[in-house]
Amino acid sequence: MDAQTLIARRIARELRDGMLVNLGIGIPTLVANFVPEGIHVFFQSENGLIGTGPVPEPGMALAWLTDAGGKPVTALPGACAFDSAISFGLIRGGHLDLTVLGGLQVDQNGRLANWMIPGKMVPGMGGAMDLVTGARRVIVAMQHAAKGRSKIVRECSLPLTSDRPVDLVVTELAVIGFPEGRATLLETADGVTVDQVIAATEAELVIPSNVKEGGGASTSYESA
Amino acid sequence: MKTISLTNAVAMIPAGSSLMIGGFMGVGTPEPLIDELVRQQKSDLTVIANDTASPGIGIGKLISARLVRHLIVSHIGLNPETQQQMIAGELKVDLVPQGTLTERIRAGGSGLGGILTPTGVGTVVEEGKRRIEVDGRDYLLETALRADFALVHAFIADYLGNLSYVLTARNFNPLMAMAAETVLVQTENIVPVGLIAPDHVVTPAPLVDYLVTKG
Amino acid sequence: MDAQTLIARRIARELRDGMLVNLGIGIPTLVANFVPEGIHVFFQSENGLIGTGPVPEPGMALAWLTDAGGKPVTALPGACAFDSAISFGLIRGGHLDLTVLGGLQVDQNGRLANWMIPGKMVPGMGGAMDLVTGARRVIVAMQHAAKGRSKIVRECSLPLTSDRPVDLVVTELAVIGFPEGRATLLETADGVTVDQVIAATEAELVIPSNVKEGGGASTSYESA
Amino acid sequence: MKTISLTNAVAMIPAGSSLMIGGFMGVGTPEPLIDELVRQQKSDLTVIANDTASPGIGIGKLISARLVRHLIVSHIGLNPETQQQMIAGELKVDLVPQGTLTERIRAGGSGLGGILTPTGVGTVVEEGKRRIEVDGRDYLLETALRADFALVHAFIADYLGNLSYVLTARNFNPLMAMAAETVLVQTENIVPVGLIAPDHVVTPAPLVDYLVTKG
């Protein structure tokens, strides 16, 4: 399994029946492919839809039914459409149970930077700042390192997305949470040791005695 | 309802105007109005919109034609030309969190001076803004936005100007239809009065100044 | 013609084609009966409708189609319904061309009091404060005096509805405007002299040389 | 979607709760929920609503039964009992301009700390509030409102809980459906999923906690 799929599958285990979930572009989008059987999750697309379905069959795309990247999607029975003010009212107002976003850096207190690299790449924050500030639970889906450098850092060198800490970071190596505001290793992926995660991480990691090593954890870390 | 030809609609927009333009990655953008802005070379524009789509699509065409001087948007990530013009200092870009942008436009259309949002507190977005505490939580005061013209896409309009939208083409359109001095609407279908059920009208007719006809 | 009809008919002459108009309860409601022929006026009811029509025929009332007093109305073709936030977005946002409201007092600078008599009658302001603050043009429809006392006063003794002055006051005796912020007699009703209006008015009235005495004025006083 | 009986729905509301109740002069008020609140004698309530209708109608029944301790409304003119209880000091009434009430509820549901409105500047409504200047104009800072429960009336709900409303029964209902911890919906019709067109859904299903069934 490639790193992206590994991450998406692990995050999908955090889904619960009835949740309203917003998935960012990239790895987060893949999470929708692994919804556990028997549960119904509402996926919101911030451009104005709840009930986003899979990519349409050839010839069935509608120009006015798209994801937040402008790509054609379908709508499931029970879908609903709304304007951008309602969409962000849902996001900012605490109605979103979960958002899954990509990340450039996460600091050891859980603060995310994911919207620009000054002087180099300035895509803009789009909905990211509202999502991180407003969602009940924020999970960052990202590879553990980029160009050999850990993305889980002591301090973000890039501009922050929000001063609200995220709840969980899921990489191909580990699941990291922030109980008491400090980066804490909760779980390592299949075949990955705690020492390997520590070696690959710039941030100082709290290692609890009950860390689940080697994957296979069946429970989620949803806050009570 | 006043109808107006595409040519005349765009002719009434002076160079240097501020425009709110509906759409999200080009979806729900009134494309014929964009094309006509390019044809008439309306320059020096301030554009308020969610994004600049990508080159060749929607607002991306205005960027490629270098007609925009000032951009107020939430996202330019899928249009490298916008980023190049910005980095080269040819285009002023204000990046606004998307939910803040929706509320600033809504405030402009609803007679509010602004709103207090938690989004952006403690980030670069806070620079130059008032931080206001309410019940122990910090918020940024984000002020209302208005424009000279709103360029709106609707799926259906009736002869009076009542509008309804379709799926993800709705996005910023109904908000912008309230927040500009003059509202120009390009629609896929114009139907007789009474054919849109009152509960399905999203933008009431009195908000619309002109329905733009083809040609 | 009774005083109320007189007032309503005079105000109806201020209507223009395409206007969006909100009529308050009482005399203002009567204005809808005198819309000049050949023009289309959009009447907004702040409980969430544009396109309010007349009272339904017997047996045709719908419990969910009412005016702001909760009374059944009809809807004209092209009507539209919306929630209360949109309704007041229209009102506060300057989209309403005209509102006609009842009044308890108007001071000589044009400021209206119409929502409470402390200790005696406290109906609440409902939508009145937003209407007076937000409408492009505000006309007060009221009888010139109550219990023998002028309602156009030097200073309101009752709590103000807004610090924004109204544009016009129409009574059964006169039409009064507020150019340069001072109560100015624009017109007297049929059979009423300027001196009669002055005698019936507590506020100091500016009497321009071109005041239209004795009614019959065919123009409106819409601001340019 | 979770359905719940009328009896159980009201049983979950503790005395002393804050309730947002939809409706305008009783139109669009979930009348069965009101009747059941009276039957179960839920007292000491804080009620946020547009008005108290008139005696025997909608919220007027809660007033007559003396179940309300604190009222946040824009209008009580058509219910003399409300005025009597207020003047007698038995009922605390906060009168809020209607457009301010809508925005405060909307802010509460949308995660905003408040909004700036010109309404009320220079009147008694200003007392105790912050006046804030934006671009040379004065506004009042009006803060967000939330409640423990929203009692919502919808015309149609689908099995998932998507809601649509009818004509002037819409009013405050969709705003309140976003602004309370628990949202209870009484509806005239429950239809299978897919029967309400996505563009005609006003309140998305995830906002709804319970559809109240008859009996």
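When the chains are written out, they are named A, B, C and D in that same order, and each has its own residue count from 1.
Everything below uses one rule, namely that a residue touches a chain if its C-beta (ideal position, glycine included) is under 8 Å from a C-beta of that chain, and two chains touch if they have at least 3 such contacts.
Since this is a predicted model, take the numbers as computed values, not measurements.
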| item | value |
| --- | --- |
| Partner chains shared by chain C and chain D (touch criterion as defined above) | B |
| Chain B and chain D, separation of their C-alpha mean positions in angstrom | 32 |
| Chain A-chain D separation of Cα centroids, rounded to whole Å | 35 |
| Mean-CA-position distance for chain C and chain A (Å) | 55 |
| Shared-contact residues (touching 2 or more other chains) in chain B | 103, 106, 110-112, 117-118, 165-167, 170, 198-199 |
| Junction residues of chain A - those touching two or more other chains | 49, 75, 81-82, 85, 88, 91-92, 133-134 |
| Complete list of chain pairs which touch one another | A-B, A-D, B-C, B-D, C-D |
| Partner chain B, residues of chain A touching it in the complex | 45-49, 62-66, 68-70, 75, 81-85, 87-88, 91-92, 119, 121-130, 133-134, 159-163 |
| Of chain B, residues touching chain A in the complex | 24-28, 50-51, 53-54, 57, 73-78, 83, 86-87, 93, 95, 97-100, 102-103, 105-106, 117-125, 155, 165-175, 202 |
| Residue numbers on chain B that touch chain C, as the complex places them | 106, 108-112, 158-160, 162, 178-179, 193-194, 196, 198-199, 201, 204-207 |
| Chain B-facing residues of chain C, complex | 18, 20, 42, 49-51, 75, 77-82, 85, 88-95, 97, 133-134 |
| For the chain B and chain D complex, residues of the former touching the latter | 103, 107, 110-118, 132, 134-135, 137, 139, 141, 143-144, 164-167, 170, 198-200 |
